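Take a look at the structures below.
One chain, chain A, appears in both complexes that follow, with chain B as partner in the first and chain C in the second.
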Partner chain A sequence: MTAAAVELTPRRRTWSSFRRNPLGVASGLLLLLLALVAICAPLIAPFPEGYGADTSQPPSSAHWFGTDDIGQDVFAQVVWGTRVSMAVGVSASVLAIVIGLLIGVCAAYFRRLDTPLGVLVDLSLSLPVLPLMILVAALAGPSVRTLAVVIALFSWPEVARVVRSQALAIVPMPFVSAAKVVGGSSLWIVRKHLLPGVVPVVGVSVVLTTSRAVLSEAGLSFLGLGDPNSWSWGTILHKAQQSGALASAWWTTLFPSLAILLLVLSTTLLSVAYNDARNHRSDT
Partner chain B sequence: MRFIGLRLARGLLTLWFAVTVTFFLVRLLPGDPVLAVADPNMTEELRQKLLADFGLDKPLAAQYLDYLGQLVQGNLGMSFRQSIPVTTVLMERLPWTLILTISAMVVTIALGIPLGVLAATRAKGWLDRVIQLTGVTAQSLFVPSVGILLMYVLGVWLGWFPIGGAVDLDATGLGATLSMLHHLVLPCLSLVFIQLGGYVLTMRTTLIEALGEDYVSLAKAKGVRRGKVVWKHALRNALLPTTTIAGLQLGTLVGGAVLTETIYAYPGIGRAIYEAVGQLDFPVLQGAFVLLAAAVVAANLITDVAYGILDPRVRTS
Partner chain C sequence: MRRAVLLTALAVALTACAPSVPGSSGSSGSPGAQAPASADRLTIGTTADVVNYNPLVGNSRTDSWVTDLMYPKLTQMDATGKRIPYLATEWSYSEDGKTATAKLRDDMKWSDGKPVTASDVVFSVTAVQKEKFGVVAGLITALDEAEAVSPTEVRFKLSRPDGTFLDNVGFWLPVVPEDVFSKAPSVQKFANDKDWVSAGPFKLTKVERGQRYIMDRVDDFGPGKPTVKQVVFRVFPDVNTEVLALRNGEIDMIGNVLPPATATELKSDTAVKLQEIPSLGWAHLQYNTKRKPLDDVRVRQALAHAVDYEAIRNIALKGFAKSSNSSVLTPSLPQWTDQASKEYAFDPEQSKKLLAEAGQTNLRLGMIYDQADPNIARWAPMVRDAAKKAGITIELQGLERNTYLDKTTKRDFDIYAGSWAVMDNPPANLGLAFKSGGFINYAQVEDPKLDDLIDQAQRALTQEEAKPPIQEAARMIHDQVYDNVLYVETFNVAHSAKWTGFQPMPSELLSILNPLSLAAAKPAG
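Moving on, here comes the complex of A and B:
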């Protein structure tokens, strides 16, 4: 290793090795593009509503992704769907990360809480989550907020498990004992020593939890539990299923499907690239 | 014996947890369950009678104990919409879901093992890269997307397979069995697609690890043929962690089945869930979850016990 490389901070080193991974960079750019579409949806296409004259048209220059059975533009639906799908994905994931982080760190630091919290996480992880989400979403009534909360409510255990195992490695470290000896409060130790230590692992978790949340949202909306007043990729598929377009109009399902695939695939590849970069495998 | 007892206790604990969580979620969430059964402008008297009929007028703790007591006797309550017991609704559907998920699992394992071996024995080669990338992609797929694509290409364009239902009602005897298998192909394939990636990637990693072990070097040094080393020595040990994946993926499999059955109008539990969502039939949704949770717990128990028999080390830990 050269002298210059030694001076680099770990973060800089991760970044420079990440930049050399074309797949990771491309995934990152694609995610940025999708985020841009989500934010600028009103500038790209008008909100799809009402009835149009051209019903069930295949893709053409006037309607890039074709039209559905009531004449709405599928391109506009996909663009606006990006907004809801990503918003639900990101907010559910943020919520799940916060809960998972708190519970994971508490389980690792307060030994007495470890067993009950561990059992809770194990039990939650061994249940089929989708039917449970369906039940709760149906009871709470369909809305974008319900979806985000329901998905977060059943996604945090995985984050908690990852955080706990990482935090368990930090708790026995000398600096934690030292902080206790000098009279640091538990809250201070958790904030100053444990949280910074688990953040790198959480970085990967955020990305993966988001993609899983997007898939859950799509699944729930596909089953008819989406917000009736807004479009998401799952809602487009749900409407296609209801109108019987599944077997006749391929364009109504192909484009939202591709959007889901692109988002989930790029988040997965991004997290793989980030992990590789952080482990510095390519340097050795 | 002690090992099986412990696993059984854990399974029961999981099941109790599932039942309790859903019970309190259903009762405590906003939304009057009676509104779901009844007209909002019916008389107060009728409303009270309905509440009493469904046992919703008692205190929460009494309702909870009632529910547990009924559950032990296999009673999941009455469907709000169809006025028949939820158990009857679901038990009619259960066999189809079992056929679908079990066949999907068998096909996935039958394809996953050789693909994993192929990737592991050619680690870092181009074939390995292709298998790995495909595996990661497959894990990112949205089940309905795969189902719709297969339905469109193999069912509608090529017309090879039926695109809905589970069996031709007018077929009898052998014809009925063939028709059942014919209807099973597309939904089963959809589930295989989303499951396969996980199996192949795990198989690959554990086999690469096993191939680096001393006993593999010893077998090679003794002059055992390479194929035999891989398939007989290393694979046997790599298979064990793969059993765990089968357990971990059960949740995904069940979720996938719900979505797949919806697309193909396959008359299993998943389709019943989809129909119940449309009708806001909460007892059916709750019962379906409890039943699916029980199935997953039972399957996990079987995997655990099988693992314990195959690998005595697990029994002590």
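Moving on, here comes the complex of A and C:
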């Protein structure tokens, strides 16, 4: 039990039980597909700009997802939107994980920091996140970078809390005390024992934080705080709402919403599948 | 069987208990039932609450719509922007232009029974002059003193001849009851949020914040008894929900202007009638003439040649926009327009040539606009994409409204994309917009020759006299690209086909819900 997480055999066992979960595998594949679409966007569709003569056309063979009120192809918008939405999601989540990991591990290992950091985390968790995000995004001016930073700034506390509780269980372990006795520096112990111990929770956290970040991005962009120079799923929804065509041109809202739904659903299913596989509930 | 009876009884009881919704027309019968409208109630959808009941201060659209029905003005405007009588029956200037006189009608009464007299007009204009607030203050700088010659005659003494004075005061100044407003220590800070004493065709009787504003007919309204007994403003979250409510028959009119795409869609609905209302303002790009390289007229001309005007009008506005031939004298005010003005052609090659002459390569500029303005948000990317063809990079800065306003007042931008709502009197408005130090001189124009021309036009006492200098000024603004006018919007306002008799007037402030129009509205058929 002691070093279960770092040994190779349990990892393999996790993998094999994950493979047996069709929902998990399908979600993983879907995420891969979305990532592929994001990376290969220029190969799939031209960047949506300018205007076209076919305005507000329903889906057809020429325009798979129809066109919007200035004649741009909604399919191209969704494809390029995948890029920005996922980029913002992933970078915000990476940023949040780094901050959260740092604070969580510090709080668990350095006992004196636990209380102040705990207060900080509790405080951040109790903040009204959405209004604050709107405020910061509005003041900083809309750009992809601002969005990523703003979302990260408000998503790390969850990560910190999860990491801290996991690390708290590792700190009193005999091997950590042993490492201290042989004179290992704090940094070395954190790196060699604490970090590997919390990596599995972080893995789940990355996926969930990404999906939350994508949702936040869509929300902020829908409110008009997105980057006007690029496309994201939220931006498409925002433009559809602004054009006043919400009721008539259903295709302008359905497809970006579907993309958001697919991403959030598959990340949730993936993390559930991963968690189940790691805890080996099916084995017992 | 017994249970069924019980259920029916319950259902009946429930229906009886359901709160009746004043403000939804056809309260009996299902929504959407095409019963003919009765003259009892006209319900208007709006998207905002009344924030300010003090008509001298209020400036949001809903504020103006409601208070305009309560407080009379000296004059109204006809469909071409010319002033027509309202409280004033006639008005004129003295020979030297330093005295202006207005004669008032004698049959208007405040709701407390007292007559509307010249001293109310004098009080209103003096209060604004003393405390310097609102739109009017900036328009009456020529005023020395106003006095009531008789209960039905006001005389304005001016410090200099100003031919725009009566037009401005007549159209912009709401007349408020002296008895009520003079009790407040500061007229500007007077909230006027209860026990209203008004003199318009309707009086505000009930307010449910966030829900509805109920206004009742004034039977002895001087210019004529309104047909409709009650006008109700209902508050909706956005235009989309207003459209649904109009189609369901819950409301009879949408106060807000429809987005072009919605207007196109509603055209085919026979239950809804669209009224086209010309805008008195215009949408434009302004180049900050105090920033390099925009201080070079060739760079500004290059930018003017790098906008696809036709595409913006036809695609972003769905054709609900007119060309103004790049002139600030728009076709909405036909008596002022200059037929000789020509629109800048969309010609990227010409732009490149001009830029090369000015020694500019890789020009990069930022463009600020209000992200929440649906039309501008739609054409801003089109401006960027067209400029790209001329080798100009425009970076869009779609900002949240307050940030945008802040940057505008600080003149902190390269290019400003926006629109002016009501420019009803060219000599006065061009003064505010293009004279050195003008209140809305966003482009920071400082041109002594232009200042002279505008001054000359303002001094002229008749429109004929003011026309030549103002046309000359407009030509300068065109040639120097102090303003790049993109289009004059044609607003679409929707009302139920069950109503008729509206008197549309230009601008979204007046449209079909100006006092005279609502007083004249009646059920169709």
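What we mean here is this: the second predicted complex is superposed on the first by the 276 of 284 C-alpha atoms of A that agree within 3 Å, B and C clash if a C-alpha of one lies under 4 Å from a C-alpha of the other, contacts with A are read in each partner's own complex, and residues count from 1 in each chain.
Throughout what follows, a residue touches a chain if its C-beta (ideal position, glycine included) is under 8 Å from a C-beta of that chain, and two chains touch if they have at least 3 such contacts.
Predicted model, so just to flag it, every value in this text is computed and none were measured.
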| item | value |
| --- | --- |
| Fit or clash between chain C and chain B when superposed on chain A | clash |
| Which of chain B and chain C A:I44 touches, first, second, both or neither | neither |
| Partner chain in contact with A:V98 - chain B first, chain C second, else both or neither | neither |
| Touched partner set for A:L139, first chain B, second chain C, both or neither | both |
| Chain B versus chain C as contact partner of A:M173, first or second or both or neither | neither |
| Chain A residues touched - chain C or chain B, whichever exceeds | B |
| Touched partner set for A:V272, first chain B, second chain C, both or neither | first |
| First (chain B), second (chain C), both or neither touched by A:G71 | second |
| Contacts of A:A62 with chain B and chain C, given as first, second, both or neither | neither |
| Touched partner set for A:L36, first chain B, second chain C, both or neither | neither |
| Touched partner set for A:G224, first chain B, second chain C, both or neither | both |
| Clash with chain C (superposed arrangement) - responsible stretch of chain B out of 1-9, 19-27, 37-45 or 199-207 | 37-45 |
| Touching both chain C and chain B, counted on chain A across the two superposed complexes | 138-139, 141, 224-225, 241, 246-248 |
| For the chain A and chain B complex, residues of the former touching the latter | 119, 123, 125-132, 134-136, 138-141, 211, 215, 218-219, 222-225, 237, 241, 246-248, 250, 253-254, 257, 260-261, 264-265, 268-269, 272 |
| Residues of chain C that touch chain A when the two form their complex | 239-240, 243-244, 258-262, 265, 311, 315-316, 318, 371-372, 374, 377-378, 380-382, 384-385, 395-400, 402-403 |
| Touching residues (chain side chain B, partner chain A) in the complex | 13-14, 17-18, 21-22, 25-26, 29-31, 136-137, 139-145, 148-149, 151-152, 155-156, 163, 250-251, 254-255, 258-259, 262-263, 273-274, 276-278, 280, 282, 285-286, 288-289, 292-293, 296-297, 300 |
| Contact footprint of chain C on chain A as seen in their complex | 49-51, 55-56, 69-71, 138-139, 141-142, 224-225, 228-229, 239, 241-249 |
